[in-house]
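In the two complexes below, subunit A is the common chain; its partner is subunit B in one and subunit C in the other.
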Partner chain A sequence: MTKSFPDRLLSLFSWICAMFLISSVSIILGFLILKGYKAVNLELIFSDVRPLDALLLRQRVFGGLLPAMTGTVFLIVLSMALAVPLGLASGIFLSEYASSKIKWIFSLTFDILSGIPSIVVGLFGFSITVFLHHYFNERIFPCLLISALSLSFLVLPYIIRTTQISLESLPLSLRLTAPALGATKRQNIFFVLLPSSLSGIISGIVLAMGRCAEDTAVIMLTGAVATAGIPKSIFSGFEALPFYIYYMAAEYSHPSELRKAYGAALLLLIICSALFIFSYWIKNTLKTKHFTGHNSL
Partner chain B sequence: MKTNIQIRMENLWFYYHDRVILEDIHAEIEKNAITAISGPSGQGKSTFLMILNRLWENIDGAKVKGKVEIDFGKGFEDVYHESYPVHQLRRRVGMVFQTPNPLPMSIYKNIAFPLTLMGEKNQATLSHRVETALKKAFLWDEVKDRLLENAETLSGGQQQRLCIARALVPEPDILLLDEPTSSLDEASIRVIEALLLELKKSCTIILVSHYMDQIGRIADHRLVLSERKLRPAPDKARDIQNRIEK
Partner chain C sequence: MDFQDRFFRSLFLGASALSALVTVAVLCFMVLLCLPVLKLDFIRHVLTAPWSPGQGQFGILPMMAGTICIAFLSLVISFPISLGCSFFIEILKPKGKGNLLKKLVQFMTAIPTVIYGFVGVFLLVPFIREIFAYGSGMCILSASLMLGLLISPTLILFFSQSFSRVPQSYLNAVDALGGTTWQKLYHVILPHAWKGMLTGIVLAFGRAMGDTLIALMISGNAVVMPSSLLDSARTLTAHIALIFAADFDSMEFKILFISGIVLYMMTSLGILFTRGLDRKGPA
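Our next item is the complex of A and B:
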């Protein structure tokens, strides 16, 4: 059967769009790799310190990116530790327990929250810090914890929405299977509904993780500094890759510094990819563990 | 003549978003018999089954008014009483759906699932009861070597027998079947019909079916649901008899 003219036009258009997207991504990645690959080496990360000494914290790294890399990883892990449990719980509540009126109000609130520019979230975190510093404890300063808190506010709507939507889109036949076998509501959610919507939920978390990794505005106001070393605790200032990239690209005094910024961007991309792969690995392990084998659920 | 009544329904109404689906239903269902319900599509036959295990409560906008009493061996109990635990009811009243609905798990885990829900952890008990249920559903020989494979890899007929086996695991007194053979081939249908005749000895079976020949082959009692009412099916033989006498 030959396709009609509008059909062919539509598929041509889809092709062009897809190619456009793929080539944009390739151009950005290619540009980054071209500009940055020469800069990515052990010296970029560890400067003139021996890698083992730096990793064992025997010697502090000043010129290298190790502190910024650890800062970014800590920041992502901490923000996720705060946002994921809260986001999952809210998503489950909205999809499974909330009445339609509450659902409407909450959804509106989360949509507004997701539309707030990150600089405003940063300002919010900053004001909280100032408030706490004045009225509670003079030792409270912008730090890793406050950055992570603000970032978790920023990404919460993604996690809530994807959890809610993946649960709500499960077919009724699947929803009724476990209750018909005598499952309570809680058992249905944990044994059937959540595992079945794991893919959607994980992609929400991955999206949120990417957002945490790249956001500069929030951390600039709430704790990221140019030199802090590897963060000693969650109450200390920290360095982060996106902040380093922004700082270097804006104020470089020599082309070699700009090259280091490209190197940093490439490192950030590598860290993100590693985290994405890790979360997909978690998803697959959970799925296999839950859905196959003799072991009890 | 029904002598051994297990389910009694009185003055029962079912609403979906203010629309009346079932109107003033009165019914008595006999123990250890196959009661078949037929009737036009979309008239609430599935709904009628869901009233017996209260599964409609998981569907938004559904509402029931009236009385349903079931005798589980200790006299008639009002299963809609607010103190009646709904998950207990659903273990005693099993259900098999029109489309086979294995969970995306291994065959073993699917069958063991109702036990897992009850908190059974003993592996020996689990594997024993999985084997018993699969044998009851005439499926054991076909799957005994592939218990750890995903249940979705089974054929349609096998999946439906898996679902019957799974529904049998909690040892229900009543089994509800919603057009269980409508998506299956002739051979699978015969196997399931034989299975139901065997199950009748230990279970009360209520079967929704479109196939008149199927109902004729296995049903002890026939009901017809149309225009929101449940009525006994017109008995053709008796009709003819009446006409002759006139």
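Our next item is the complex of A and C:
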């Protein structure tokens, strides 16, 4: 079948665009891998300290990425601890309890929240700090806790949305089974609906973890600093991988520092890709299990 | 409803209200902290004057212009490419390759923005500097190119989603009538999908305005009204990140919050607009 001229043009245009996108992404990733792969080794993370000593805090790591990595991990864990319960509960409310009018209003606010630029969320965290510093305690400064709190605001709408969507997309037959057998609404939610939509919810949470790991704008206003060592408490300043990359790109003074920055960038990319792939895997493998097999409660 | 059911209902309601409160609190806190200077005269001054704190001028007009310029240009760059890619994914679908491209696009959403900025500094900026042999290479064009790449997943995913929502029976009808792919696209798909596409464009524009790191790292951050693509410019987001005044009472400090309010308003308006699109009938 011969194609008409507009069809061939359309096809050519699409191919060019697709190739352009693929090559741009490949250039970015390739550049980073090429420049960074030599730097990614144990020395990048632990400097000249023995890994075991560093992990057991027997020896402090200077010049390695360990403090930045622990800072990022602490950030992820803390902000998830704050955002997940709130997000889950809100998602459940929207999907299971809210009337359509309330749902409309709430989801509009959550949409606005997810649209707020991350630097503004950071500014919010910063203003909370300033407020507390002036009116409550002079010793309150930007710190890990404030950063994690701000990050949790940033990812809250994602968690709410994925929870709501996973619950709403459950088939009606599954939704009605337990109430038909006399279960209360609460029992239905906790023993049937939540376990069945777990794959979607968890994959959403993992994606949110990726956002916490990569976001720079929020933490640069709320406590990330260039050198802090491994954070001692949640009220101290901290280092984080994305901030380190940003800082080094502007302030590096020696080729060896630049090499480390490449290594850090590659490391962050690997972490974020791993989280993305993990979330994808959870979504696909667990989901099929739930609907073809029997639901284990 | 027994007691437990009511308890959980109020618990979940409370959580939602708290989450919604965050949205409101972000705005309220910013307004609160610059309340002393929020007078009509001063707002007019801020929105129209240039920025030179030394002479008592605290206008954020250059930053607003920088934000709009960079965001708009990135959209102009990204739009045709995203359109082509979503044609490729949803309409051309060459033997499984469409799905492959879609996976790549989804993966792009996981690439940290600081990585785009970092590669921009060490690859794109020198490249632009070499080609145009002008300035440092840190300019509106560099930032828009990178930003265009950053927002393309948003555009592509929204475009292909709206394409895929066109009922299959309509597409079959065109095929049965012997229509070409182009005719199918022009007469059936685009008229059906434009609302969803517009939503994607508005949200992508919001993302471009709200991004900090790319503009901060590769647009040069000069506070001037942008006049050419190769000029350096500063966005509102970068302005917030750069002016980190420790002095609580200083004017620079208050301006931070005004910049924040402006950004908040602009992105919220975008969201409200997409909501309005959604409400008027099915897309």
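As a working rule, the second predicted complex is superposed on the first by the 237 of 297 C-alpha atoms of A that agree within 3 Å, B and C clash if a C-alpha of one lies under 4 Å from a C-alpha of the other, contacts with A are read in each partner's own complex, and residues count from 1 in each chain.
Everything below uses one rule, namely that contacts are C-beta pairs under 8 Å (C-beta built on N, C-alpha and C of every residue); 3 or more make two chains touch, one makes a residue touch a chain.
What you see is a predicted model; the values in this text were computed from it and never measured.
Of the two partner chains placed by the overlay, neither subunit B nor subunit C lies in contact with A:247. Here subunit B and subunit C are compared by how many residues of subunit A each touches, and C touches more. Of the two partner chains placed by superposition, A:74 touches none, neither subunit B nor subunit C.
In the superposition on chain A, contact is made by A:175 with subunit B only, not with subunit C.
When the two complexes are overlaid on their common chain A, residue A:196 makes contact with subunit B while staying clear of subunit C.
In the superposed pair of complexes, A:184 makes contact with subunit B and with subunit C alike.
Touch criterion met: A:18 reaches subunit C, while subunit B stays clear of it. Subunit A residues 184 lie at the interface with subunit B in one structure and with subunit C in the other. Contacts from subunit A toward subunit B in the complex involve residues 172-184, 187, 191-192, 195-196, 290-294, 296-297. The residues of subunit C lying in touch with subunit A in their complex are 1-2, 4-5, 8-9, 11-16, 18-20, 22-26, 29-30, 33, 80-85, 87-88, 91-92, 97, 101, 104-119, 121-123, 149, 152, 156, 180-182, 185, 203, 206, 209-213, 216-217, 237, 240-241, 244, 248, 256-257, 260, 263-264, 267-268, 270-272, 275.
Within the complex, the subunit A residues that touch subunit C are 3-4, 6-7, 9-11, 13-18, 20-22, 24-25, 27-28, 31-32, 35, 85-87, 89-90, 92-94, 96-98, 105-106, 108-113, 115-124, 127-128, 130-131, 134, 153, 156-157, 160, 184-186, 189, 207, 210, 213-214, 216-217, 220-221, 242, 245-246, 249-250, 261, 265, 268-269, 272-273, 275-276, 280. For subunit B in complex with subunit A, the touching residues are 53, 55, 58-59, 87-88, 90-91, 94-95, 97, 99, 101, 103-106, 108-109, 112-114, 116-118, 121, 123, 126-127, 148, 150, 166-167, 170.
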